[in-house]
Every structure is written in structure tokens, then in C-alpha cells.
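The letters A, B and C name the chains in turn, as written, and every chain counts its residues from 1.
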Amino acid sequence: MTAALELEHVTIRYGGVRALADTSLEVLPGRVLGLIGPNGAGKTTLINATTGIVPLSSGHVRLGGTTISGMAPHRIARAGIARTYQNIRLFGALDVFANLSAGAFARPGRLDAAHAKALLERAGIAHVALDARAGALPYGDQRRLEIARALAAEPAIVMLDEPAAGMNPTETAHLVDTIRAIAASGIGVLLIEHDMSLVRAACDRVVVLNFGEVIASGTPDEIAADPAVIEAYLGTESV
Amino acid sequence: MVAQQLVNGLFLGAVYALFAIGYTLVFGVLDILNLAHAAIFMLAAFATWSLIGAGVPLALAAPIAIGGAGLLGIVLDRIAFAPLRRRGAPNLIPLISSIGMAIIFGAIARGIYGPDERQFTLGFLQAPPLHAGPLTFTIVQLVILANAIVFMLGLAWVMRSTALGRAIRAVAEDRIAAALLGIDLERTIAATFFIASALGGLAGILTALQYNSVQVDMGAQIELKGLAVIVLGGMGSITGAVIGGFVIGMVETLAVVFGLSEWRDAISYGVMFLILILRPTGLFGKRTLRTA
Amino acid sequence: MTVLADFYAAHSKLIDQVGLDALLALSLSISLQAGQLALAQAAFMGVAAYISAILSLNAHWSLLPTMLVAALCSTIVAGLLALPVRRLRGIFLAIATIAFGEIVRIVANNLQISGGAEGLSGIPPDATTPWIYGTLAIVAIGLWLFSRTKFALAIALVREDENAARGVGVDVGLVRFTTLAMGGAIAGLAGALYAHSNFFITPADFGFGRMEQILVWCVIGGITSPLGAAAGAALLTILPEAIRFLADYRDFVNGAILLVVVLFAPRGLAGIRFGRRG
């Protein structure tokens, strides 16, 4: 299934903090949208709002034209949105196959070994054993297993929350190929990242958040040259 | 007559409060529900009974038993909880090991004293009640209230004005930060168990005197009532345990006034259930619900 | 053959008890597998025991219909309990369910129809060993088949990480409700059988003490494994009898076993971890 994810004028307030203000963006099928911004800018809040964990104060989230904002998180997941987490949230005590089966939970029928291996391959960890305990895998493999779990749902949209955290440059370059391949299969990808080389290589478009507001959007080159973006990042990382 | 019942409720509430403080201290500091607390409550009562039987006057026997209860609390922690802390076990496992210790304590008591009820042969327990206007109370009740006030004030002083009290509060607030600040975690936890168990022991002695009965099962009811108190007061809050104890004590005695004595306990548990559903942090619970 | 027959004759009460205890342990293990420390099994058992006894005593029903009706009632009670506690976790869920159990016990203690504090007596002892073990076998097989379904995977996911489970499309509320209801049903069957294998029942039979016992069996047997839970029940029911010569030290040994298992083998006999760090 392919569908576009649209956030329209989404505002989120809780505990007196305005985490996200009048944010609009669009993730198209087959495209990769990067979401960057300093820490605390609202990036993870945006993912949490989209997946229904955090309620919207105003605005809408639509998937393929259907409004999903306000739906329970498990229904949103079933509608076709999958994600990975900033701090890995695998089912650590269960094995790799069980984690993939978990990812495919909302799909009819059950995952078989062949399909599971294919998922591992797409995520770049074909070497991992299906009966390995997920929590015992090396860090990089765990991150990729989370991606494989997300793909198991055959989602329309995948949201990756800092998948390159803790990876070295080689692993990061490998990740670019993985992400582009996911998009090429028709899935729309939202990528939150701090690693700018990954963002430039993997993303078609980039949206920049600061203090909960969109301050720039465009191609990676365009936003690299945007003075507002440079100012927001001044003193932190070079764009 | 309502005023009299309120007074009775005060004495009942005082014991509930002392017992519940023990629960809430341990929960506040360690997020553990210590179901061996009621066993220490019972053992202290038996220890006092034995000491008195051996000729030790009550004024000496009780403090010895209370101190012994405190030490037993430290032993309890070292056997049943400390090893699990080192391992980082989920919070429901210590609950179960506390049940194990409770069973062991109960077995020891049953082994030494058997299942029968024991009584004190202390003069003042048989003394005629005192009157103050329309109100009647016994010397025992006065003893209970006096002890309760003294110990609660003492605890308040410790918590507010001593380094130990500050350490306990810091560890309850944030264990990791407290350790970073140089607080000796294990010593603070041991001290917490000492205080909590000593108060539980005191509650046991007072209860035994009040009803002139010491028995292996004497902790069964208060074990669960104590839960109602800390839920009402807010788990982890000492103030909550005190106020909750008095409220529950009052509610129970007033229930008798209104002819609901068979449902008295159900009312306490009903209140407990409702609070958990509607406002799980209780009256004074500061922390938000942590998934324990 | 006569050796077996003699053995049975001498120990039939114990054998029946083991079967019932195993059923109760199974009933709790399902909630525990979902990471829910829902401690109301004794209450569900009690509700069913009383309903089954009342139907037999007052309406002269035979065992099977009383079992079915009683189990249905305990299932409904469990479902009703699941609603208000749906947002509670951990210790809070535990003590809410304990409170519920106490209320049920007090109600039974005060109502006429349940015989008040003296309970009910003269219940026809129809629940013979075949009935008990037959039910146990059916429940055990049913749970085994159930363990191969997707729903069983959902239960494990809820136990491991509730929010990640939602993220893959698991309806956590439904899982928690269903596991509680299933536990209520099985405890209900056990309750009806219990009533019909002991001649009398009193409210004290279904209090917190019983609940603690059931929890202990599950812990020792292996909290998240039904087989382990049943094994734990069997072990701890037989053990006191087997070591009867130790007389007063029985409880001590029980408590010591529990401690040893918790401290050194928290996975219990069946070796599966209980939940995750909070």
C-alpha cells in the first residue's frame, strides 16, 4: 500500500510547553524526508504525535487522505505507520524471529522463515540468526533489527528516529543504501537525524525544526545554505 | 455516641499510622512493597511478651523489642532485597521475596509459640477506664496515643533536621543523583529499614496491649489495612501515611456507629480501590505513577 | 495394580488437591505472562465456588452445569474488574486487585445466601479425581494450543514492552482484558471443583492467604510458563505432605524454597524471565 503522510498545522502543547507549533509537512511515497533541528526542537514529539502517543492540541494528521489524528496508537500502527525509536525498543528477551513476527503482527497470517530472512536482508543484517536473542545482538545490529521489524509491517510510512546514533562512518554509509532501498520499494520515509552526511545522502527533501517551529524546508543543498538554519545550528554542528 | 467513637478512631488510627509509615518509607526509598512488615509487627509483640514473661518490665521490654524489630528489618533487607538490588531485578520480584520472608518469620513464630493466643498479665491492662467528661478511655489507649505522638514527632525531626533524614529523602527522590552526591546508599537503605521496622514493631506491641492478645496471625488484617492507608495517603509520603492512618481509623470506627460494622473493612478496601482508580497518587503522593 | 490402587486410596485427597492447585496456578500464570500482577484469582475462585455450591444445594444441579455457570460468572466478574483497573500497572494493579479480593471475601462473609462467616456445608462431593484431572487436562491442552496463536505472541509483547507493542499494532487493553478474563474462567472451574470436593466452603478459604499461595506456586514454577506454574503448584502441594515429618518446619521450608528460587533462579523452574526492569 502506498500513501502519503500529511501533517497539517499541527500544534502540541503539554505542561505549559509548546512542543510543536503550527507544523505542516508531507512525506510522499517513495521519497525520504529528513527532519533535523537542535535537541529539543520537537522532532521526536512530532513522531510521537503522528503515532498517537501524544495528543494533538490542534491540527490534523492524515494518511492517504484518512485522518488518523485522534486514533489509538495501535490503530494508527495498523493503518500503515511503522517506526523505530531513539532509544532502541526491541523486545530484547525475545528472539529475532519473534521480533519480526511482532512487527508483522498487524498483517494477516503469520511470518515464515523465508520472509523473515528477506526482511533481515533488506535491513542489511542477513547474517543474523533468527533464533538469536534480540537483546544480545551488537548495538548496530539491534538498530537494524528495529528497522527490519518496522518493515515487517509492510507499512506505507516508516519513521526512523536517529537510526545512525552510535554508528561509525562506514556503518552510516551502509545505512544510506538501506534507507534509499526502502524508499525505492514505495515506502515513504521520515528520517530524524543529527548526522548531516547521512541526511544529505539519503534525503530528497529536508525540514528544519527549531523550538517547535519549521524554520526552513527544501532540498539538502538549499537548507545547507539557508541563513536561518545556519544560525540555529551556530556553535553546534556545521551544516 | 459519635464523639466517643471519634476518640476511639483516634487510637485505632494512631496504630494504623505507625504501621503504614513503615510501608511508605520502604516504598518511597526503594519502590518495594514489603509484605514481611506485618510479620515483624507480630514478632515484636511476641518478643515483648516473652521478655515480660521473663521478668523484664514493660518499659524496658518494649524498647528492646522495638530495637530488635529495627535490626530484624535490616536483616530482612540484606537477605531478601539487597541481592536483588545488585542484580537490577524488576520491582515485583522483591515483593515476592518479601512474601518468602514473611512465611519464614511466621514459621519461626509458630515454631516457638504455637498457634494459640497469648495474653499479658500486666496490671495496668486491667485498670478501670478513665473519664474526661462524656468521654471514656483506657490507660492503654493513652499509652498508644502518647507513643504514637512521640515517635511520629521523633521521625519528623529525624527526617527534617538530621543528615540521615536528608539522605533518606534524597534517595527516595532520585537514587542515582543521591549516590552521585556522595550519599552512602546501602547505609541509608539500612537506616530506612531500621526505622520502618521499628515503627512496625511498635505498632505490633501497641496492638497486642490494646487487645491483650498476641498471636501468630495478628498481622493479617493490618497488613492489608496498611495498604489502604498508604494508598489513601499517597505511596511514599510519610505525611500521607499519618493522615491516611487517622482517616481510615476514623472511618472504621464511624462505620460501627452507623451500624455498618460488618462492612467496616469493605469500606476501607472500597475507598482504597476507588482511590487507585481515580487518583492513584492518593492525597499526598508526590511522584507520578511510575510503572513499577 | 493394587499398589497403585492402595497408593491412590491413601493419598486421594492430596492428589485431588494437587490437581486443583495446578489449575489455580495456571489461571494466574496467564495474567503474569502479560506482565500483569493481578492478584484476584482467589476471589474469582471464591465467586465460582459459592455459585456452584448454591446451585447444587438449593437447585440440585449436577456438577457440570454448576461448573459452567460458575465459571461463566467468575469470567464476568474478572471482565468487570478489568475495566476500572485498565490503567493501573505494577504494584498499583497488585494492590487494587488485592482490595477487590478482600471486598469479595467480606461480601461472602456478610450475605445470607452464602452462609455468612460459617459458609456453606453439605456440598455433594461430586468432584472426584477424574473430574479434577479431566478439567486440568482440557485446560492444559487448551492453553497449549492457545500458546501457538498470534494472540499469545501479543501477550508476550505486552509483557516485554507495552508501548512498543502498541507501535506494532497490538491492542494492549484488549490483551489485558482477555488475560484477566481467561484467568477468571480457569479459576472459576477450579472454584466449582473445589466446592464439590471439600464438603464445606467458608469465606476464609478465598482470602489473601490463598492468593499468596497461588502466587508462590507460580513464582517457583516459573512465572511466565504455564507448565512451570503447574509444576510449582504440584511441588509445593506435595512437598508439605512429603516432608510432613518435619511438621512445624513445613512452612519454614516453603518460605525458604520461595526465597531461594527468587534470589537464585528468578526465572523459576521453567527458566523464563518475569517482565522487564521498570
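In the analysis below, contacts are C-beta pairs under 8 Å (C-beta built on N, C-alpha and C of every residue); 3 or more make two chains touch, one makes a residue touch a chain.
Fair warning: this is a prediction, and the values are worked out from it, not measured in the lab.
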## Note on the structure
Chains joined by the largest number of C-beta pairs are B-C
### Task
With chain centres defined as mean CA positions, report which chain is farthest from subunit C.
A
### Summary
Taking each chain's mean CA coordinate, subunit A and subunit B are separated, in whole Å, by 50
### Query
Can you give the whole-Å distance between the Cα centres of subunit A and subunit C?
43
### Geometric centre distance via CA averages, subunit C-subunit B, whole Å
30
### Task
Find every residue in subunit C that makes contact with two or more other chains and list them.
276
### Query
Which residues, counting only subunit C, touch subunit B once they are in their complex?
37, 84-85, 88-92, 94-96, 98-100, 102-103, 106-107, 109-110, 208-209, 212, 215-216, 219, 248-252, 254-256, 258-259, 262-263, 266, 274-278
## Note on the structure
Touching subunit C in the complex, subunit B uses residues 27, 31, 33, 79-80, 83-84, 88-93, 95-97, 99-104, 106-108, 110-111, 220, 223-224, 227-228, 231, 235, 262-263, 265-266, 269-270, 272-273, 276-277, 280, 289-292
### Task
Would you mind writing out the residues of subunit C in touch with subunit A in their complex?
150, 153-154, 156-157, 160-161, 163-172, 273, 276
## Note on the structure
Within the complex, subunit C is touched by subunit A residues 51, 53, 72-75, 77-78, 82-83, 85, 89-94, 98, 101-103, 105-106, 110, 149, 153
